[in-house]
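One structure follows; several queries about it will come next.
The chains carry the letters A, B, C and D, assigned in the order they are written, with residues numbered from 1 in each.
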Amino acid sequence: MEIVNFKSVVSKYKAVFFDAYGVLKNHKGILPGVQNTFDYLIENNIDYYILTNDASRSPIRLAEGYQANGITAITPDRMISSGMLAREYLQYKVKKGTVAYLGTSGSAHYIETTGLKTISISEVQLDYVDELEAIVFLDDEGFNWNTDINKIINILRRKNMPVIVANTDISYPVNKNEISIAVGALADMVEEIIGKTFIRFGKPDAQMFMFAYEQVMAKNYISKDEILMVGDTLRTDIIGGNKFGLDTVLVLTGNIMPDQAEMKIASTGIIPNYVCESVVI
Amino acid sequence: MEIVNFKSVVSKYKAVFFDAYGVLKNHKGILPGVQNTFDYLIENNIDYYILTNDASRSPIRLAEGYQANGITAITPDRMISSGMLAREYLQYKVKKGTVAYLGTSGSAHYIETTGLKTISISEVQLDYVDELEAIVFLDDEGFNWNTDINKIINILRRKNMPVIVANTDISYPVNKNEISIAVGALADMVEEIIGKTFIRFGKPDAQMFMFAYEQVMAKNYISKDEILMVGDTLRTDIIGGNKFGLDTVLVLTGNIMPDQAEMKIASTGIIPNYVCESVVI
Amino acid sequence: MEIVNFKSVVSKYKAVFFDAYGVLKNHKGILPGVQNTFDYLIENNIDYYILTNDASRSPIRLAEGYQANGITAITPDRMISSGMLAREYLQYKVKKGTVAYLGTSGSAHYIETTGLKTISISEVQLDYVDELEAIVFLDDEGFNWNTDINKIINILRRKNMPVIVANTDISYPVNKNEISIAVGALADMVEEIIGKTFIRFGKPDAQMFMFAYEQVMAKNYISKDEILMVGDTLRTDIIGGNKFGLDTVLVLTGNIMPDQAEMKIASTGIIPNYVCESVVI
Amino acid sequence: MEIVNFKSVVSKYKAVFFDAYGVLKNHKGILPGVQNTFDYLIENNIDYYILTNDASRSPIRLAEGYQANGITAITPDRMISSGMLAREYLQYKVKKGTVAYLGTSGSAHYIETTGLKTISISEVQLDYVDELEAIVFLDDEGFNWNTDINKIINILRRKNMPVIVANTDISYPVNKNEISIAVGALADMVEEIIGKTFIRFGKPDAQMFMFAYEQVMAKNYISKDEILMVGDTLRTDIIGGNKFGLDTVLVLTGNIMPDQAEMKIASTGIIPNYVCESVVI
């Protein structure tokens, strides 16, 4: 397996999509030198977006995390999150009424910008579920797991309504050695018990890539094979990018250790076009 | 679909295995008239056992629940629980050292009768996991779901050890209209995230039926087809009984409403030998 | 559950996407009266496309089936098939070389219009797999199941390459009472054995709806909620349409009997905006 | 990971259960030196059984394969096959009538020793399915995959009856480099399509270990932890043995290469008591 220089790869494309965690940042913060990469993209007129399975805050809040660390190139209009897709779903399909959510009140504020009312699952009264139009899983924080996850099940037994999972991830790193259960895994558990089919947004699903592609196309016509997807995870970033028709780069700064990359590509059959050590150039 | 009288069925067998919830009791308590059934069994020399996916307490505590309600026929030696199988596993395979558990301290006391030390997951220090020999999921109560389920994942990332799930159920009824997530579903979620294979005890697994069959055989030689398994759930009681070679009765006092039985049998392909309204005779 | 008239529903939209089997036709052929529906759409300037999980032939051949039965409104440019998505993937991601296929030679001809060479799995020599760039599952006919499905497994053990499944369906009706295994189920079996991740095209995946939406948008700007998706299957047509942001109609001329619709919607949690008897108006 | 000598391990036990393929034999035949191992067991009064997921022939035929190669210690009474469990199921649960089978006529002969009639799926007339009492998956050979697997689905749509899968394996090796789909994978595919629950026999299911344990106990009382299970596959032999309460040895002559063993044990969480190069002593 050949490891190539990221600059030599990215220079051949007209746009780049980056995964966030494991690619631009890790448990210590933004990878040192990432600003150089964005300087290079801007100088060379290469368009870029950040695609993240994160519904815990709005694009504005997501971008602030980069801006505060000196990465001024990452503005809110560059962020594509699974939360934006969930919000779009609610706009098209629910339109009015109240949506019950699992997550922090911060995660719900972004949903409210659609004009929908939101209510935390903890505040729902089982006898008043008729007012609810949908349930949305936003974040693994901001609620009591035991009482509120059980409550979702009993709400769904009383009223049939769509359930939206705004983050397909099942875990996320909290520090060098530890991970935490993500809201996608909580949703999988509820779905298994209740036996209904939920609607999920996030990589590797094509809708995430399409959303970013539409932003690119609004500026210039670019063919899918002129776009590069950069990620650290085979089963979300790389297979999602491949399936959408993009060329793909696996970087070794996140999920996959350098000595495992060849074996993981062989065992999963998920084959990136390139492998690079990192996006730093 | 013919619904037959339970007495006419059970009179043909030498032993009966009963599921507990949905068969002998429901959310209101013991079904009225159940004592008559046990009187009939005793008079007619038909042996009986209760098979339950419950690891939250010992056979003594499980039997007390019936005794306190006047069902004196159900003594601790008549109870076969998935917790007993988990306890047996630890006896044969772990033998000494400390086992970390998810559940109440009551559920752990029963494990301690093996001579093993137990420690609640909440008290485990991540830097001292080397002392642990196994993890056991006992009950959905007695701990903080958020912190303690996450902690299990991080313990397993530090030390490879067997994980025992002492109850395969994914939910249980708490009252007429509401259900609650059972510890089996929490274990399924952790297993999905950590990617390891856990060891599960409980119906429909053959080991549960075998444990009961050994009790029967210790008294008299009885062929498997002289034993009747009675349950309210197709995918645990009935398929488990069928696979073990027992004849099976579906009763309509629990999971399955009378008007759904025919459709559920057809759609699952899990076919009881008989359908009865209830075990009351 | 209210059953409404299709005309009263469709008149409110600017475009309609139809599933094919169970909606426009069944085992007896085209539903009588379907031409009236298309006459109405054309008169009222409502755009329309047929979305089908069928990779066994090209859009031209698919349209011929309707034309030959007098439905002249269905021209090749109205057909959106999962085979077209598979073809697009190969164009963007494989570009040159040889693709091995499972299916009839007819299904492979359409792939060859990309300029790629194709070879039937039956003709692949295990010692010459280095020449292959991808494997594609096109159809359940045209090969020996025993030898050729086994051969795919052994090809993939020799060379790691992408595997494309051009039809996600697991079965299809062959007459009033009988169904047949579809190529999607054969692919599921191979994926389970080989442990690799395949790339699948077809409803309910968003890419199928996006492909159709791009055709609509090339003519006029239409918002997603001005498009109606019509299908007979909850877990492909309806959930796929809902997730993409379209309004949805369940028709009762295919998979779901009129007396089951309410129960199936309740048990799956997949909720169409409308239920109509059929598309015939 | 310490690799220990098999003799030093086995000498501590009163009985041993061996997996067949990958332990006693491989694609070249019986491992050279295996007879010495059995000589040692016999001299030291250590009881032994062969546990195999094979329903393609009777114990007599299975033993002949060893006898013909000079391993006279392996007599029919030493063989425990998943086919024997399927046969026992039919004896207890079906008792009379006709069973349709997928497999060779040789595999069916063994079923007929119960007194049941058998008919190959290929000979079943769809209009006469009422005569059938059960369907059994015996072997991946002896039938036309395309027509006969499709026929099973349509038989089950006409009549609800138990389906028995007499081999849980999904693949088996045919030579050094190639594998073949096993009947367990064909059954998984049919089960997925028809949506019914089949009854499966074979490791890692406890019933297989129990069957062998009953043979041991018929001669002498031996505690479970005085029995050693020897296998080459973590997810069948080792987890099955562990769960049943046996001590376990992973040997490196089959599924798992010596340089992968440590990683596979860590990633699966399936932990044998010992790792040995082979059973040859």
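Please note the rule applied: contacts are C-beta pairs under 8 Å (C-beta built on N, C-alpha and C of every residue); 3 or more make two chains touch, one makes a residue touch a chain.
Worth saying up front: this structure is predicted, and the values here are computed from it rather than measured.
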item: Any chain in contact with chain A as well as chain C; value: none
item: Distance-maximising chain from chain A - centres being C-alpha averages; value: D
item: Interchain centroid distance [CA atoms averaged], chain C/chain D, Å; value: 40
item: Chain B-chain D separation of Cα centroids, rounded to whole Å; value: 28
item: For chain A paired with chain D, centre-to-centre distance based on mean C-alpha positions, whole Å; value: 44
item: Touch-based graph of the chains, sorted into line, ring, star, complete or other; value: ring
item: All chain pairs that touch each other; value: A-B, A-C, B-D, C-D
item: Footprint of chain A on chain C - complex, ascending; value: 88-89, 92-93, 156, 160-163, 194-199, 205-207, 210, 223-225, 235, 239, 242-246, 265-271
item: Residues on chain B engaged by chain A in the complex (per definition of touch); value: 126, 140, 144-146, 149-150, 153-154, 157-158, 170-171, 177-181, 185-186, 188-189, 192-193
